[in-house]
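Going in written order, the chains are labelled A, B, C and D, and every chain counts its residues from 1.
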Amino acid sequence: MPLPSEFYELAKRLNNWGRWGEADEIGTLNLITDEVVREAAATVAVGKRVPLALPLHQDGVQTGVIPGRINPLHTMVAINVELFGPGTVATSDDIVTMGLQAGTHWDGLSHASHGGKLYNGRPAESITAQSRSAFNGVEKAGHIVSRGVLLDVARARGVDRLEGDHAVTPEDLEAAEELARVTVRPGDIVLVRTGQIQRFLAGDKHAYAHPSPGLSIRTPEWFHARDVAAVANDTLTFEIFPPEITDLWMPVHALDLVEMGMPQGQNWNLEELSAVCAEERRYAFFLAAMPEPFVGGTGTPVAPVAIL
Amino acid sequence: MPLPSEFYELAKRLNNWGRWGEADEIGTLNLITDEVVREAAATVAVGKRVPLALPLHQDGVQTGVIPGRINPLHTMVAINVELFGPGTVATSDDIVTMGLQAGTHWDGLSHASHGGKLYNGRPAESITAQSRSAFNGVEKAGHIVSRGVLLDVARARGVDRLEGDHAVTPEDLEAAEELARVTVRPGDIVLVRTGQIQRFLAGDKHAYAHPSPGLSIRTPEWFHARDVAAVANDTLTFEIFPPEITDLWMPVHALDLVEMGMPQGQNWNLEELSAVCAEERRYAFFLAAMPEPFVGGTGTPVAPVAIL
Amino acid sequence: MPLPSEFYELAKRLNNWGRWGEADEIGTLNLITDEVVREAAATVAVGKRVPLALPLHQDGVQTGVIPGRINPLHTMVAINVELFGPGTVATSDDIVTMGLQAGTHWDGLSHASHGGKLYNGRPAESITAQSRSAFNGVEKAGHIVSRGVLLDVARARGVDRLEGDHAVTPEDLEAAEELARVTVRPGDIVLVRTGQIQRFLAGDKHAYAHPSPGLSIRTPEWFHARDVAAVANDTLTFEIFPPEITDLWMPVHALDLVEMGMPQGQNWNLEELSAVCAEERRYAFFLAAMPEPFVGGTGTPVAPVAIL
Amino acid sequence: MPLPSEFYELAKRLNNWGRWGEADEIGTLNLITDEVVREAAATVAVGKRVPLALPLHQDGVQTGVIPGRINPLHTMVAINVELFGPGTVATSDDIVTMGLQAGTHWDGLSHASHGGKLYNGRPAESITAQSRSAFNGVEKAGHIVSRGVLLDVARARGVDRLEGDHAVTPEDLEAAEELARVTVRPGDIVLVRTGQIQRFLAGDKHAYAHPSPGLSIRTPEWFHARDVAAVANDTLTFEIFPPEITDLWMPVHALDLVEMGMPQGQNWNLEELSAVCAEERRYAFFLAAMPEPFVGGTGTPVAPVAIL
């Protein structure tokens, strides 16, 4: 079943293939220039740090619905081993097995494909079991730091959290911009708060997973117009799920990752940040959110920190 | 065999147990105050970012000598799966199994113990297979960002890399400070460059592992005097290996992690940073190096970035 | 809270510590002599083979209730790789991560301890993260083949499957022996069918897990009297769960594994075997059920086959 | 580069595609009939059991040369955990991550492909990351038990072990048959001893890996003529390595697995069996070597036992 023409019209308007050269593998991260970073650092007024990652353990957000994407299984291979004989200094060592997209993570540009293509026209079949993503792997980014802007849609709408059927629209983003008294600009990383993660924090993983509020199919064009570098939110699915248009599944993934080449962040805990931004009356900050450089990774765990 | 009295005298002078309260689990990271972070951000003059992590893949630095600490085994569980039927948007998903201390990493405070004790007097037996580190786990830190200072000992000594039997002394650190024209101050994260990682980058893992230059048993006292928050370098063993004092194995681990409660970073690639700092004539910068919040982790992979 | 005196009295009567020497690590498997195996082979009349293992995949019997014991996560590291150049013979290769006791398995003798002791008086603390079970590991058995006897308790009671609160008693076992027209004898491996696995096969893992029929605390003495080599059944918990005696959890594990040194099998699919035995009117057969020799393993997956 | 015509001529003569129907997924295992198993059981004269698996641990036969195929990493997730409160019965639980073909194993029929085809003409692309082998997976076999015959080529040639450049020929197999005073017949599982595994047992994994004696490209035709069900030996590579014909890599894999549909066993320890057979003057026995039923597996660990 082909995707609907509406999708293709949107895709055409947003498409960034070739924009940074045929060899490009990092897409909108190109928009984070030295100048952007310099100005991002200048937003640090207090030095207050707010971590945005969920803890990594076996009782994470995954429910088994996404096959194979297991929560971290964390085991010990050495506990207080006196490697050099009794009475010597002892060490402990641990092992993890996990889905790279199991917890708070970035979707890399190779996470999605459609029509047999990845971002920048790379063939989808370049992803293989033996070498993972030959193109657009998460290790290519090197680092992700920039100005972060919290668009607190839930707060702007005067609710604790959006309902499960709420598609976050460009109008919602603009209302949140207004609340934030910040204009999103090129190279920014936008954090969109829905409040949905409260469901997980309250212990209900299934309610967290879906139905879930999330980004509308209309938002990629808005991000494209603003030349945003990356977008993250506090949901499992990133986009509204189930989708707005019947049988058009994951259109935002396709538009963001494949057409625009823009990384997406999921399962970011924005609750404390929401409180801090409201209190400080500042919604722009320095954001550090470096991918772990898994060679050929289609995604990566991340431990983001916002610094105000 | 008990540790020598020399060790205990040093330990006594450096000990930070109780300094931040009996409940403290993060040690010298307490020294990174809002003010330290604010001033760290102010060092960003250009916006230039230098990543410091080695790529994560199966051909990493581990040789099998440390049992169980395997290099990342990275596999795919989904390649271009059209989850919602033929022709729909496709996704790919990956899995990793790895030692948390296999690549570029932080040693958490629970990584080492001696005399049955962890940092702040916690019992070593609080580490178990089922719950990992009940105390001092890497998830407690939340985030690690501060001012970073590169002490380029190799450059200060006019060599590409230190020899395998070179113990980096306080005098070496001070010579590097002089080269850097920076005074290390409370809350700084010090990066000590030996150049040893060139051996790994040149393809010889065994030569990289040992003999290895590294920190002398005399350096913890220097770091303590300066109230440094954390120290990382470009070696597998962190401290000189084999050790300076016969049969006194891993004394620096014991002093830094257990007595002082100061995290150590290993396998950091400081080569590009060395070149950039020399060119920019600046050795202080903003450093973001957040631990992945593995609950109860004794260590964590990290993807540090220096921003000048 | 100490175990009740009833438990200790039973334990005393069943105890096999020292029976096969102080160095023994395989317990009742000593009862499988060459003669037993020879006679077991002589039971093969038709050559019909009935496999008893559940398939190994991510949708296995584990529900997450037992922390860490994950269902098999099976991934590919190579798919049709032409290792020696284009057009050459291609190979595929796979990886698994799993709990050794996740599916159809044997509990090894080190799986349970009480009062700080393992089978044959070994200290429980001999199990460590770095070396697993120093004593009584599953690799010690080497092989498990013997005469198998199906005691089809469900069929003997005229039901498809026993109710969740049914404790299988010695009287049940004897009624099943009568149905089978077989007398259990030294060295036999007894398979006890409750029918409970039908719940899993019907798709309800939670109902399968508990409440579950299973062996009564009175059965170890019966197995001891008959000098059985090993016992397996078609439940997750092996023994009745929740237990018969309030606050006496897993007494059968303690009696079988620790006191007697008798391996237990769980999650064995006995449904086809039940039909075949009824049709053939024979309940004794050759059973091959070799442990995978994981060094220091406290359990092992097994792919048993009954041969009639 | 196409395979040489010699290969295709051989392939044509051996091809079993369609022989057991278009839907067949187990190939020559079809030759193990009830009668074969019955007669196999009748070979048990003493009841003596000889295990043939190498121990499973991190120091196994893999050297890292085959990417991703890691030796078993075996960790604990629970050590003497008193799940139901202090003083209650305690349990221990373990986890493994390993290549399914890392140790003593069976190659499943989907392990090799050539010209885009698997056994019975299935498309090679039916193997995917998400579902592994849709066809010919190791779980299809269900069980492998039959008469085993040891062809002790090393002993027949009067040497401890064959040299690294020795290709085992049909003439070698017939000499070993003569030594054994057994005629290989339909449904047999043939174990070919080279003695090469002594190199591993002596601690030299690299010498074990290659150069390695192994089966000649001429042997598949011999196995085909005898209608053998499966073949295993005591090498890493199964066939002679480097190969007999320049640039024709792994032809025996292609002929056995793809053309004939005959499982291959590798890394079987035949040393004790060789001694026992020589002493007993019997080379035919009952062999149980059940695959672990990994759904879609291209291979499986196995713990074979020979019973004389």
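Basically, a residue touches a chain if its C-beta (ideal position, glycine included) is under 8 Å from a C-beta of that chain, and two chains touch if they have at least 3 such contacts.
For clarity, every value in this text was computed on a predicted model and none was experimentally measured.
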**Smallest number of contact steps required from chain B to reach chain D** = 1
**Fill in**
Comparing B-C with A-C, the one with more C-beta contacts is A-C
**Item:** Interface numbering overlap (same over half, different under half) for chain A and chain D
**Value:** same
**Message:** Measuring centre to centre with CA averages, how many angstrom lie between chain A and chain B?
**Reply:** 27
**Between chain A and chain C, centroid-to-centroid distance (C-alpha), Å** = 45
**Fill in**
Listed in rising order, chain C residues that touch 2 or more other chains are 67-68, 70, 73, 75-79, 92, 95, 97, 128-130
**For the chain C and chain B complex, residues of the former touching the latter** = 67-68, 73, 75-77, 95, 97, 129-130
**Asked** Quick one: in the complex, what on chain A touches chain B?
**Response** 1-3, 33-42, 44-49, 51, 53-57, 66-70, 72, 74-80, 83-101, 110-114, 124-125, 127-129, 132-133, 139, 142-143, 145, 247, 249-251, 253-254, 286, 288, 290-299, 301, 303-305, 307
